[in-house]
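The data blocks that follow each hold one structure.
Common to both upcoming complexes is chain A, partnered first by chain B, then by chain C.
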Partner chain A sequence: MTSLSQNRGAGVTPRRRGARVGIGWIGVVPFGVYALLFLGIPAVLAVASGFFTEKGAFTLANFDTFADPTTQKDIIGSIGLSAVTAIAGAIAGALICYALLSMRSDGLVRTVVDAASSVFAQFGGVMLAFAFIATMGNTGLLGVVINGIFGDNAYTSPLYTVPGLVPVYLFFQIPLMVLTFMPAMEALKPAWGEAVATLGGTRRTYWWRVGIPVLAPAFLGCAILLFANSFSSFATAAALISQGGLISLDIYRASTSETVIGHANEAGSLALAMVLVMIVLMTAYGTLQRRAAKWGNR
Partner chain B sequence: MNKRYLAGAALVVATAFALTACAGTAGSGSTGSTKTLTLAEAQAATSASDFGGMAGLVAAATKEGHLNVITLPPSWANYGQIIAGFEKKYPGIKINSENPDGSSADEVAAAKSQKGQSTAPDVFDIGTAVMDQNLDLLAPYKVASWGDIPADFKDADGTWYYDYTGLMSVGYDSKKFPNGVKKLDDLLGSDFKNAVAIKGDPTQANEALSAVTMAALQSGGSVDNIQPGIDFFQKLKQAGNFLGTLPKQATVASGETPVVIQWSFNNVGWGPAAGSAGNPNWKTVVLPGTGFGSYYNQAINKDAPNPAAARLWEEYLYTPAVQNLYLAAGAYPAQLAAMKKNGTVDKSVLAKVGDAPSDFVQLDADQAAKASTLLTAKWAAAIG
Partner chain C sequence: MTTSSRAQDRVMTPLQAAPAAEPFVAGRAGRAPRFGAPPSKAAARVILVITGILFLLPIVAMGIFTFRANGGGYTVGHYLDLFNPALEYNYDVLFQGIQNSLILCLITVAIILLLMVPTMVLIEMRYPKLRRIMEFICLVPITIPTIVLVVGLAPTYSVVARFVGSDAWTLAFAIGVIALPYAYRPVAVNIAGVDVRTLTEAGRSLGAGYLSIMWRIILPNLRRGIIAAAFITITVVLGEFTIATFLGRTTFQTGLLQVESGDPYVAVIFALLALLFAFVILLIIGRVGSIRPKTRTDP
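For the complex of A and B:
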């Protein structure tokens, strides 16, 4: 929907805009400096460390870790977990947004869901892990109920495996989707629906021809945000899983190991792999969005 | 809008003042009644006499006003009480306890990345494998009771010195397992389903590697060959008894990790000794046979921002009072033999904890390297 409004504004003389950019960049400087200091430089340093030995000599030996079946399995595990929780979280979140759309934007339900989403989207780390141990752990609520019905030891908690992280991650993924996708849903104009109806279209025509094409770029953008959110998650997984299985846990193991000495810089090469996965994903998204914009112009 | 900028500017100024104030207390030292050392001189001091004796050391440390310790969990070897005791004994010195749950490698990383800053760690409590790679970070120092530390427990120049060791032990919830744990193979039984946890991944955490080594000693292996230990955990996993989560004091209290193989001082510290935060039914067993221990080392950061406080901390740790605090947690202190001889050991504590077995073993550097190579190759597949 941003592209539509931009198209409409395309008649405005570009020169004036250019003049405004002249001082406008000053407003971006604090964010630019912040991003450089806390994201850009650390990322470059982390990735660069993958190309050096601990004594500072250039080496490619840190990339040997990708030949290790454990590393390969953990990369696949991370991508799989992130994809599943991003897709499931995006669909569930979008459905919630759809349901909320029919309610008054200043009504009680909307206010409560908005507020709750802001809180739960930030709920993570050890606290989240313990909340799930209390509900889904071996001695948690679910285990007590199932053992009560089927006898002792009938329940084995799935929490301490990589697939067991799916429900835990959805706990913050769905609210994040609601938060980020709701503005896009709200931008759908009722007039478009009326126009479709006037031209003889059904509700299905409206969603198929108008709603979904307009929302698709925002939906995919949000889904990628969810993917990155889960891909980079560490504290929750580390509190639940002690024996690895994700690339973020491998980075922790390599960089802090007390027992396998001299492999700390493998963390840098693993970080590079994570960055590459995100670059591939963002490139795919950019291509898709350009395609979508082209369709929009037709 | 303007107001907000003003508030922001005020905050920046206030922070800057606070920072310079900290730096001032950390580095300066131009007045005083006893021997006054510069920062560089204090960082090179190798005994209390360099400060003009204990009184001079206390005065210099008090002037610094801070001590940065790192990776000392309050429930680990009684460090909660030990830290509180220091602050009580030297009220002018505030202890900043950074990253309590971190690893030995985190200590080294913090010392390197914060070098020259007032937040850098002053002292280390560090595992031998990591320390051996980073001896250039350490400043030699000999505490007053240096002679009470056995010769093979310390570096001759005072670069490092053993502080305490635990023994690998099995902690269990006696309410859930009234029959207890008599031998390691008991844990393979069907009543221990989803029950047995260790302290992390042995290719990362020394305490987990020690659990595997202890399992090897109990299963016909040795410190030179820990393969039987890996085999034991593979059997444990196949039986459905291995619990792949990280045990914490909270999971022991809630019953989620009903059996934990870890250092005796941690099992003791998470049991009734912890009061309401512990599990009142938690029992600690050191299995019969050859015990397995691993001394941790004390050492001072050569770039310590509070060099006098760092040295005072070491003096404090090697007093009988603190050595007895280690002992009370089930951590056998380095001066135990001397304390038994000169009568400063707390006999009631010793009777309760039990004397350290004379025949326990630890990994030397070569054995540790061999063990970690084997684990890197075999562990993930064994429990995967």
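For the complex of A and C:
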């Protein structure tokens, strides 16, 4: 080994990577095996199980679930909830990013907002549901205030229905927008603003002619990411709603109903539908991000 | 590099995280231009204060909720209940869940630090062609939602149980996968800022072996990314709910939900503490990431 390293010398890029086979490649095997066992196989099993009966014979019967009015209603419910919270979350999140532009990017405000956004966007789940039970639940703060003004029992909580999830979901959608949209916002070059000003443009001109066109792909991409995030989220809804109404809740119900295996394969066909939707969404997101990167650094 | 890349490096969040090398900074901070994108300080403050209050509201409501007495009025009784031996039975499932989640934290962090990080470094040092594959593997769990993955994890775990049993700690394998995207980013950004190839060449030319280079040169240079990855993994594990529910194991989150139906006050107390804990962890990562000592160099 020593002689080889002498041959190579400092500063020379090693070209003969393949030539020195050695045993180094064994180093990447454990991770590969791990990813295969707990990512590759489960992902394939999840999607493929939709095509088989419980006994293992090929079937398309599991897709009958899409003819079921309940399933259709729940898919529409998921899409509706995701669309509303994605659009509202994207607009509100972008507004916060806009405000953050005038804060020092290494200042305390930014650090606090970033940390809080991560907590709400990624850590919330069940705990966010609890926060809203304490706020808007039947015995929550809002109920106490409203009952105090209008008399007892004036307040009925909207929280335990699908539309009631909108404010809860916004509490992880808006922070996710802040996290994902901020880099695009920061990529707006000060020089462009100076250029517009030099040419006699106002800030209004700047936003209509420069800011909005440049940010549009990133904004749209992030909104799609928000849609995907809401579409596939489970914990918050599961903690609040017990009777279904969303596709993610249906997957849970199918895979745990009756016997141990039971309707598990119907869950497979629902999972396949969800993956297809996610692939379309994430492809669109990736394309828009690349488009947005055109204006990025370098 | 420009201001935008500097800012991206600093956002210390699971989504786009991490430390990197000292970039050149085009001075912008501290200036308040009345042209270009940034709003006026006043407008910015108004927006931030309003959203700040809105987002604090549920957290404050949680705090008030924990002091609410059952019949009306306020009490500290719910906090005392936690230490009441007569009620301990009610909270068993929660304490069991917390214990399981702490064990899961250890094992999942170990998976990230002993499997993912060394593989990333090795790929950077010797097999750069595999980098794209590694990135793909690590980011794919974002596209495949947990709710889908668990459908396939159920049969996988019935096989796993035959080899290592079905204790709660086995969930770490699945949660490790969920944590990959979050842990990958900070380490990848850190690696991009450190010239691993040159450091490796330098070490090799001085006669060091690959293991020695990895342990004594590369890893110390990546410690910010690694620390961020470890902390983020901890928050992922503590917040994980879907996998534990589907596979029927007790963790912190499933324990919370079970206790909530019987004693919502105690559940909210723990949820509040966990949220604050996660906030502090992420705040620390954020500060560590943004404070860049100019004089200190890595050993």
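Convention: the second predicted complex is superposed on the first by the 233 of 298 C-alpha atoms of A that agree within 3 Å, B and C clash if a C-alpha of one lies under 4 Å from a C-alpha of the other, contacts with A are read in each partner's own complex, and residues count from 1 in each chain.
The working rule: a contact is a pair of C-beta atoms (placed from the backbone, for glycine too) under 8 Å apart; a residue touches a chain by one contact, two chains touch by 3 or more.
In this text, all values refer to a predicted model and were calculated from it rather than measured experimentally.
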Touching partner for A:T139 - first (chain B), second (chain C), both, neither: both
Partner chain in contact with A:G244 - chain B first, chain C second, else both or neither: first
Which of chain B and chain C A:G268 touches, first, second, both or neither: second
First, second, both or neither for A:L45, with chain B first and chain C second: second
Chain A residues touched - chain C or chain B, whichever exceeds: C
Which superposed partner A:N153 touches (first chain B, second chain C, both, neither): first
Those residues of chain A which chain B touches in one complex and chain C touches in the other: 130, 133-134, 139-140, 238-239, 252, 255-256, 264
Of chain B, residues touching chain A in the complex: 102-106, 109, 127, 129-130, 133, 190, 193-194, 197-206, 208-209, 240, 243-246, 250-251, 254-256, 368-369, 371-372, 375-376, 380, 383-384
Partner chain A, residues of chain C touching it in the complex: 1-8, 10-16, 26, 28-30, 32-41, 43-45, 47-48, 51, 55, 57-62, 64-65, 68, 111, 115-116, 118-119, 122-123, 126-130, 137, 140-156, 173-174, 176-177, 180, 182, 197-198, 201-202, 204-205, 207, 209-210, 235-236, 238-239, 241-242, 245-246, 253, 256-257, 260, 264, 267-268, 271-272, 274-275, 278-279, 282-283, 285-287, 290
In the complex with chain B, residue positions of chain A that touch it: 69-70, 73, 130, 133-134, 137-140, 153, 156-157, 159-161, 238-244, 252-253, 255-262, 264
In the complex, chain A residues that touch chain C: 1-2, 5-6, 8-14, 17, 24-25, 27-28, 30-31, 34-35, 37-39, 41-47, 49, 92, 95-96, 98-106, 109, 111-128, 130-135, 139-142, 171, 174, 176, 179-180, 182-183, 185-190, 192-194, 196-197, 203, 206, 211, 231-235, 238-239, 248, 251-252, 255-256, 264, 267-268, 271, 274-275, 278-279, 282, 296-298
